[in-house]
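Both complexes shown next keep chain A, but they swap its partner, so chain B is in the first and chain C is in the second.
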Partner chain A sequence: MKLFGIAVIVLAGACTMAQAGTISGKVAGDSGKAVVYVEKTAGKTSPASDKHATMDQKGLRFVPHVLAIEQGTTVEFKNSDTVAHNAFWPSISGNKKLGHNLGTWPQGQSKTFKFDNPGAAALLCNVHPEMSAYVVVSPTPYFAATDASGNYKIENVPDGKYTVTAWHEGSKNQSKPVTVGGDSKIDF
Partner chain B sequence: MTFNQAGSVTRGLPGRAAKPVSDQGPLDPRLLDQRPLIQRRPCGAWALVALGIVFSLLPAAATSTHKSAGAPQRNHANAPSAPQHFSIRAVSGPSWLNHLQMPLQQTSMGKTGTWGPAAYPVQNSVRHDLQLPSDVFGKTMVLRGADFYRLDCQSCHRVDGGGSPPEVNSLINPVRATSAALVMERMAKSGAPVEPAAARLLAAQAEASLLQRINHGGEKMPPFPDLNKLEVQALVAYLKQLTGVPGAENHQMRVAEPVARVGEHVVKGTCHICHSATGPVPTPQELLDGAVPPLGNFTRSKTLIDFVTKVTEGAPIAMGSIAQQYRGRMPAFYYLHNDEAAAAYVYLSLYPPANVTSAESHPGPRRSGIRHDRGSLANKSAATVSGRTLDGQN
Partner chain C sequence: MTLTNKVKLLAALFSLIVISSQFASAIPAFSRQYQTSCATCHSNFPKLNDFGKAFKDAGFKFPEGDETFLKLPPVLLGAPAQKEQWPHTIWPGTIPNMPPIGLRMNNFFQVTGRRRNDYNTNLQPAGTPPGTVGGFPFIPRTDFSTGLFSIFTAGNFGSDIAFWVDDDISVGGQNAAGGLGDAYLKFHNIGRFLRMPKDSLALRVGRFELDLPFSQARSHNISPYDIYSEANIGAMNALVPLQQNVNNSFSFAGAANGLEFSGGHQYGGYHYSLAIVNQNTSGSAQGDNTSLFVPSPTGGAGGGIGFASDSNFKDLYGRLSYRFNLERDSASRNAIQAAGPTGPQDHTSLNLGSFYFYGKSVQRFAGTLAGGPAVVSAHEPFYRLGGDFNFNHRALNVYGLYMVGHDRNLLPIDSAGALIVLPLTPGALPAGFLSSRSATFSGGFVQADYRVLPWVVGIMRWDSVKSSADRINGLAVAENTPFAVPFRATRNRFTPGVQFLVHANIKASFEYQIRPEQTTTIFVDPATGLLVSSSPFRTNTATAGLEFVY
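What follows is the complex of A and B.
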């Protein structure tokens, strides 16, 4: 009886440990932030996101330069500059139908947009051609941006087989298969 | 003459009404008086003569009941059809730099020009060869969009529109953004081409921003609410040509304006950046300590010749408790013509700078519409800002 109890505890513990893991690694190549995200898997759904994120316009720059969000997140586009900006993205991952023009708005005001489609939106300002930024929309809640040296870590990914994609400014997306069971390492 | 609530003088202009004229179409020869506004005379003590003419004409101008609105219209290819109305108003309130509480030495605003002549060796630069014609108040001057740019914008944005980054923004990209063709070209180059309809929408939004900017100004840019529709149209047409918008050269306009109106452009777009409208006349020591004399005094303290020379060529100035001649801090505005500097003198004579109280000066006639959207300045006391100016402590 005692042995059985211990076995149950050990099994339960093993099950808990096996339920979620991390995916980590390094994105090599060009400098600048990359975003790594887990692609959607058929049959697996995650709850719709109601998260919020912020993109500011400050000193004639978009801040941050790369904003990684989960699909369904509402982004607040602020303007901390004394000049008006005219922010738009011509497409999301090349799909022109998903292009959007936020228009112009003065300092202190903001506009919001809910990103319901995954992909990368190249954010531009019509008035200031030197301004650029990216909103990278992950199809799943499992995504991470790289740190200064290109390392990333996606936590709490349920065990299973997935495809992970790395987005990097100016590069083509790279996708690799991964089986998560504990900690997995994937370099790009 | 009537005084409006803000204390500025509003007055109809005597003489011919101004007309919009197209650069392409035939120009009414009456508008093109080829004689320069100020005429060269042989040497002599013409300063007093010129002054005398200005002031002898003042009563006539003041009693005139002519209105300059409602000019007759002609349908030229590019001539807008709206009637021209000039609501000339006296310059009032603190200088733009005082309004921003920005010391003269810490800014590049209003300083597009060259140094004036050195104080030593003494140069006999006073010219006794300028005189206003007796019919100056009936004259009009024809201004192109490029002239509006020069008088209203160039003192900060420089001749090429590049500004003085980071303080004075370049206007080049904001103006280029108003062209759908350039938006499409840029996006095609960047690898993300946009449809013509999308480009047109972006361009229209940029144009609205540009017009808003000119009318309301910004954090550091003064507003220009006194520019009428036609003047703004001519100015924007030139801005597009300046910044290389395709086809802009076909839309250039000319506008005939009364002399005092031309002077108003010079004073409000150039002089008033650094010179407050009114205030006590600084002592030579206060000048040395950084004071900038008010506009209100110039037509009394300077002859037309001195004024035009100081503006266009520069002239030494006496400063210090034991007054000595110095080069001075004021730039020589080489790009302003003698006629335009003289027009500024005429404007300051006809529309004496208004002495407004601190409560009226912010927001004043020129400043309206800008304080509402500026949190940082709104926290400062308006009375402090303008009170310091009116006390002459800046």
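What follows is the complex of A and C.
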């Protein structure tokens, strides 16, 4: 019986390895961080996210400048500055109905917001117009931010056919089809 | 010019401004250090918002946690731990990482009323065209001109020591000499040595604009406040039954040399300023005030930078104001900025203040007495007294001041005690002086700024100056500014305007200066012997300004 159990676990692991792949590549062109994510595919669902992430305001800057999260993630917005800010985003991917004003809160306190809609929210401060950041909401759990060289790697993507989108500050989104079966490579 | 043409002209001008502005992109002085927008401290540069006032009050730094905002860390002039070694070492300080230098440039375009040369014409001999006699200029219908190009640097050296220097490299057109504006060190929070509350006592030393209710040197308007430029020149006209021996060139428009104690905050609560400054009521330039025998600072005999003061007396200036922030929530009321629906904003507030300046104007007469060459002086005390208000509610800011000027008038008398008709015969000295009718003036302004959009501000201002001496003297006769002094005891000016922030550091400004009730055609009234005038005359002007800082 014990041996049977071990065999099932090994088999299940082997199956999982066989069904999950990796998408990697490079986002070239513009400098700065980009986010690459897998678009939703009809018939494929993923469990709702209960993750948390943090966006801080420190030294008249949003930190980090680009925050990539999964749809459904709750973001904690902090204020580490001795001055007040007013964080808001006028839209998410151009949809002004999804714009939201978090208001103003003093140093040491925070506010939270759950991002239920995918897209990119351009985070601004009403008081300090030079401040900006982006919260990029991926519709699936399969996303990654690029490193300093523009390289990215999305792991544990189930085998199948997908559309992969690259978001970059100041550029239009680029989407490309990809078939995942083991390691896949796609550049933007 | 028809209305259609006027509209076309304004449209073309605005297009020119917008197009030319697009080539400029820059960052002002503090923006470099903190990498933040001008809008952090200015609502409509150089006008400060509440945070900007707090930044200035704190010594050109963030009121709290300044080091966390500096993107360029200051250079240490000694490790902080060196303080433990004092007095066996120099007290450590800092200097800004990069010299915090800013530059400001502006250009103007003016359209002047049709009868713009009438005033000059009436002051010249009959038959001579304008611009040919007496140096009176021909006033063109339209004129492009450069304003100032100034360099300024400001910041702090740590230890609550702030500095500011600004200098007009070029003013008033090509090849004109520039001039030093403010140049001072300010020692903030020195009250801590006396266990006084924080920010209750600071010392400023150098050259600075007096702590006026509303800054002229850093005004966001194109045209200056008329009352600030008012010097008190008594009725010198010999046709006046009772002349005034008052020739005081002092005005609030210029900077003063001296020192100042101040305290409080500009963004809420009390604020005060007590200044002791040089007197120079004769208006003589420092460079001309040199002696062959007595070295001035930095110089040997006959050289150096000259003496800035023309008297032993030092003038005194005091200002006290209190600002009531009107938010109901105490936390918001006491904060540097009030809490607003879209973030921190300027407080809804009412600021009330008063100011007083006391000095002594010196009239000197050189001549010969029995004992040889001599100088006889008349020391004429004078004061300027005024009150001011400043009300702010969201996008609306209404403010103004009223002030009076008063100079004691000491008329020269001969040995028999009879009044001597002015001007004195060169070389003749009075035996004494007799106090007579004082020379006075009054006036002020009220201005409203309304922020239509964050980048559009509408302005309406009313200036008024009342001085009978100005009318009697016909001051414009002696000055190349025919539009500055109309021929009436009271001169009013209405100035509607609008300003556009093309970028946070580029501003296009428009003003239409309306001067009603001015008159010309000057003649001597045979009944009274006084100069009088007739024929209404308006020297209205439309001025456009374009300025940028970087």
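Everything below uses one rule, namely that the second predicted complex is superposed on the first by the 171 of 188 C-alpha atoms of A that agree within 3 Å, B and C clash if a C-alpha of one lies under 4 Å from a C-alpha of the other, contacts with A are read in each partner's own complex, and residues count from 1 in each chain.
The rule is short, and it goes like this: a contact is a pair of C-beta atoms (placed from the backbone, for glycine too) under 8 Å apart; a residue touches a chain by one contact, two chains touch by 3 or more.
Values in this document were obtained by computation on a predicted structure and should not be read as measured data.
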{"item": "Superposition on chain A - do chain B and chain C clash or fit", "value": "clash"}
{"item": "Touching partner for A:Asn86 - first (chain B), second (chain C), both, neither", "value": "both"}
{"item": "First, second, both or neither for A:Asn101, with chain B first and chain C second", "value": "both"}
{"item": "First, second, both or neither for A:His128, with chain B first and chain C second", "value": "both"}
{"item": "Contacts of A:Lys58 with chain B and chain C, given as first, second, both or neither", "value": "second"}
{"item": "Contacts of A:Ala145 with chain B and chain C, given as first, second, both or neither", "value": "neither"}
{"item": "Chain B and chain C contact sites that coincide on chain A, given as residue numbers", "value": "82-84, 86, 88, 101, 103-104, 126-130"}
{"item": "In the complex with chain A, residue positions of chain B that touch it", "value": "169, 173-174, 177, 183, 186-187, 190, 192-195, 198, 201-203, 205-206, 208-209, 212-213, 218-220, 373-375"}
{"item": "Footprint of chain B on chain A - complex, ascending", "value": "82-84, 86, 88, 90-91, 96, 99, 101, 103-104, 106-108, 122, 124, 126-130"}
{"item": "Parts of chain C lying in touch with chain A, wherever the complex brings them together", "value": "34-37, 39-40, 51, 62-65, 68-69, 71, 335-337, 339-340, 342-344, 504"}
{"item": "In the complex with chain C, residue positions of chain A that touch it", "value": "58-60, 81-86, 88, 101, 103-104, 125-130"}
